[in-house]
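Structures for review follow.
In the two assemblies presented below, chain A is common to both, partnered first by chain B and then by chain C.
And now, the complex of A and B:
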């Protein structure tokens, strides 16, 4: 704690050392309440298999969310990352299958990350160089990338993956059965999420680049005047997010043991919902990795286990929608009241 | 030739150019009465959604819940109609259920307005959340499958013609003209655009900004419900996830039409021209045997290109 971004500092001046109304605390509370309710109705809920399921389902969503959060912090919004991920995943699968079927998974991962970064740079050119609105550009590239993938590369799903990706899918960190005889396993892919989180944390909180990202989100004009190269920073952000999307895409394909070009697109709003639940603001300058991961955990819990607390799963999107309104409504309402008091 | 320097002027050129191009490539089929009529039946439903998005964008906001609102209104209307057991073609129940759908749209829109105006939520997130809620409620009501078994009269609005003009086109024409008048010729429209250009200045000018936003989002919701009714009538059923690709398309058309996503500028004629360009392009490509995926790609490229031209052009004039 204690390392607040610059932009957060001025808005949070009046707050005490620990603020109970922060999104992170709220989301954590909701997660605890959810688990308590679930445990009350099903004693088997609090078990290792539930935990490993939650972790497994958070991997791809979590990497997406880290990328989406970096964009939000910089004051932009990216809705194209799912198309980038699908493109990188499928193009890499096809490339490996046709050109180098015997290559190991690290090659596949590097290729996918490179493709993702290239597509991210495409976004970056229009956003950083030409200054177009981020929502419009990424909305356009969402259909552009997806359309190009399905038109030029292919539409058929590939279930016979190249050997490298197959090897990766079998790479378990731990597996076993718990006391009740339920099977559980955790894939090494989870470590990738951890590495991505630590690496991003380091960039955001320990480098000048990270300061620049928060600064251009908080106030672009001020950032420019203190000598930050806004265009270069934005370019980095979109390339980085593209690379993360490429990584998430190839991991999704490997873990699912199928490469389906029509997959992933459609997830983007759920991911942004998770990030926003975790306290990142659309207006930029505010957002933490802790909050983002808690947001992801909550969304995954709702998607997987709503039925356990006695709510039929058709209510899933109503619940997620309501959580978004609650998670964004509270801080928005507070700042509105603070504004009105000041005015 | 100053009109050529406006986004609408450029768009008019694009619309005409696309039409001529498609007509030249495939004259017998593109210019056939059958193709022209089917285009006129196809575009009004997403054009009305685009009107709703454009109106929200004028304030610097956006409405991502238009498709959710449309489906929720349609599902509620269809459920009422499907449970109607009286005989005949059911004109009375169709009118009543359509009225109910409009009320649902109005309430859904008002709820968006309350979130944005009273609670100060960013419009993107408020309507992202309510969009999920409205779609979710439609899913809860139907349980998943489409609502079928509508009375015969329900097919009228989406499939019939009046004096040779398709009914959905008439509805769209009336709505576009009405909203164009509302936004350009009334004090409400002026206030809307003023708020979009500079919310703080609008408040200092003693404008009741909350009331304007409430009315505006209510209008968006009602428009969405109209689109929902047309979709329902054309499909002769209602479902929670009809028209899910229309959201992107509606935003795309609004931006293509020259509406500034940051608010303050936009003309309804631009939206109409954008709709026409998109429909000419879609139908033309369709006749040429181009797949849906390639069409999606071209839409995306078109959006970015037009945005780029508008931005570069406005920089030059500054």
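And now, the complex of A and C:
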């Protein structure tokens, strides 16, 4: 018999499997409700073309969100990743066009990932080595990377992409027409998202490095005391997130079949919103990939299909804003009530 | 415990100098396996420096340290860990966002040098340690959802998981209730039987004596007392720590003609306390003794309006005080010093002067513009009157010691000249010397005609400061005893626990 019996132990366990206030559950519920509404007003909504559209639109946003989540979990916030992505995409396009136009897409991707990682390392130096606040640093580099791109590399969009990127854009996993004669297709790029998610999941949950990321997000001082190298861990995070941004950037350019240096920047808050909707805490230490992907799915649904349930698309940002307030407010309110009851 | 083997840890003439200050002055000390040693001393006596030197965070300027009889040339934190020395800091250094098993196993798992998470092995490790200390905890519970006592357990288990042979506990009892302290001491006894040594660093002296074999007292960096625990009692320990006797002189008899100040009648808050009636007279110090969960804090908050009671009345000078309205309560002259001054009582990052002045904005404003000079003068005046030892009134309150922080909270209220002051745990986390001074302030307030309510589970404190003590159990006032020598501590604790 234990000397410290926990009276509420059993109840706590029962509540865990039945916790309606978890963000994941909430977001999933809202997605289902949204789909039900959409299906009711448009019978064609529940179809393969809708699904493949949703998946295609989740690719770039999803990779961004995975990166943003890793940073949030570590207790930081990164707003520069869209600028990193735009920089990597456009600089790679220019480089390939001018130097090696015949290179295959893997080269383009590797170059973009390397550029992204280098820019991420730039963030990392200020954050890990100089210990500056992450929001300040990445706000600065958001502007810096974008400015450098437009000033030194170029402002004109490139529609005549290098052959490698063009080849990638045509690389379909499946294509066809459904029973109603609607055309659909799914790009291999979706597999990249899947790979990124699995790889990141492995790092976060199955390696000591990943647990160190959670640890420094939960209690940085405690992490230091048990010998976690906080600086090294932070450096890894920002390089990794930079590399992911580079990958997302080059895929965005390839899929859109145009490399526009003005693209992507401005998306960062929607991405962070998706991650927060999925239950990641802005204060760090808490966040899951499942939640993040659900958050992305919901944001993509709202962005693409709001019109189907009869809400004009100008209401998009209102709906997204309301979802964020609801999605983060409800669990917060629940825990507040639990605290009151305990007090 | 065998004397034939070398002690676990030996300190020989350990000295630590920081520039001109000698933080540790030639300290000798031994800790043997299975022994509990108490390291007592006021704030600034060198306790923390000694811990830092022991675990290799700081290097001694002179003297040497032996682990298992082997002199160590230069101890690094890794050496200390390898020798089995583990510190449990006051804040436990846990990861609130991670599960119990992960918190327990993390250091041990890291020590294996693994790059991957071995979930099954780590869980098993955590389960074994919990079984070893005889504790049932949900392995998957997130640590932030646990109570303070359970968090401390997790921290102890983490130390044991990495084969700790000496566990250093910094202020282990500060945040615990009496019952939790008793459980902790039980656990310490079992650890000792298991051959684990414990170095206690504690303010709560009586508890320390109960479980320790050996007491070491530091004052101004030097060892001033060292001996078997049986040779010490509360008074001699206090004398060794402070260099003076802190006499707990109970207050003199209350003037029988003193007018009634605060009258509480039938105050009830469902689920917290019920039917509380009490009368506080001018110049009286009234104690409320209650364990955590007895409703003592809810009652204190309700009197000040921070919680809204369901029924009952509170009258000050015969006038009803609106319930659940702290602004009205403070406007009428009730002050409340909360239990947790760090989160409820102070603006930690703001300056000392601002922390006092914040209660006086209304008085010193004309037409919405503050008369800053008057405001700062008044704050400075109160700092002096309560002898707050502050290098600079513009320094953040965070930089002060616990005792001085508490005085800042008191100064803020006294500047408002309240009629009734409610003190919830006035000396929690305060060293012995400051504690006596805070008790002096309480007596002084009462002598000036204030009514003071002291809520605490520190029974000697209540016995030493209060005219009358109400005993609160399960939300009800069950007993009333006279303070001032009419009742002993044992008697009171018996009434409290029965």
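Here is the rule we use: the second predicted complex is superposed on the first by the 317 of 343 C-alpha atoms of A that agree within 3 Å, B and C clash if a C-alpha of one lies under 4 Å from a C-alpha of the other, contacts with A are read in each partner's own complex, and residues count from 1 in each chain.
The rule is simple: contacts are C-beta pairs under 8 Å (C-beta built on N, C-alpha and C of every residue); 3 or more make two chains touch, one makes a residue touch a chain.
Note that this is a predicted model, so its numbers are computed, not measured.
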Between chain B (first) and chain C (second), which, if any, makes contact with A:320: first, second, both or neither? first
Which partner, chain B or chain C, touches more chain A residues: B
For A:232, select first, second, both or neither according to whether it touches chain B, chain C, the two together, or no partner. neither
Let me test your reading of the model: by the given contact rule, A:219 touches which partner, first (chain B), second (chain C), both or neither? second
Which of chain B and chain C A:170 touches, first, second, both or neither: neither
With touch defined as at the start, can you tell me which chain A residues reach chain C in the complex? 1-6, 9, 12-13, 16, 205-211, 214-215, 217-219, 221-223, 225-228, 284-286, 343
Would you pull the chain B residues touching chain A in the complex into a rising list? 62, 115, 119-122, 124-126, 128-133, 135-137, 139-140, 143-144, 248, 251-252, 255, 261-262, 291, 293-301, 303-304, 307-308, 311-312
Using the touch definition up top, name the residues of chain A that touch chain B in the complex. 77, 126, 130-133, 135-137, 139-151, 155, 269, 272-273, 276, 282-283, 314-325, 328-329, 332-333, 335-336
Okay, in this complex, where on chain C does chain A touch? 77-78, 89, 91, 93-98, 102, 106-107, 109-110, 114-117, 133-138, 140-141, 145, 149-150, 153, 183, 186-187, 298, 307
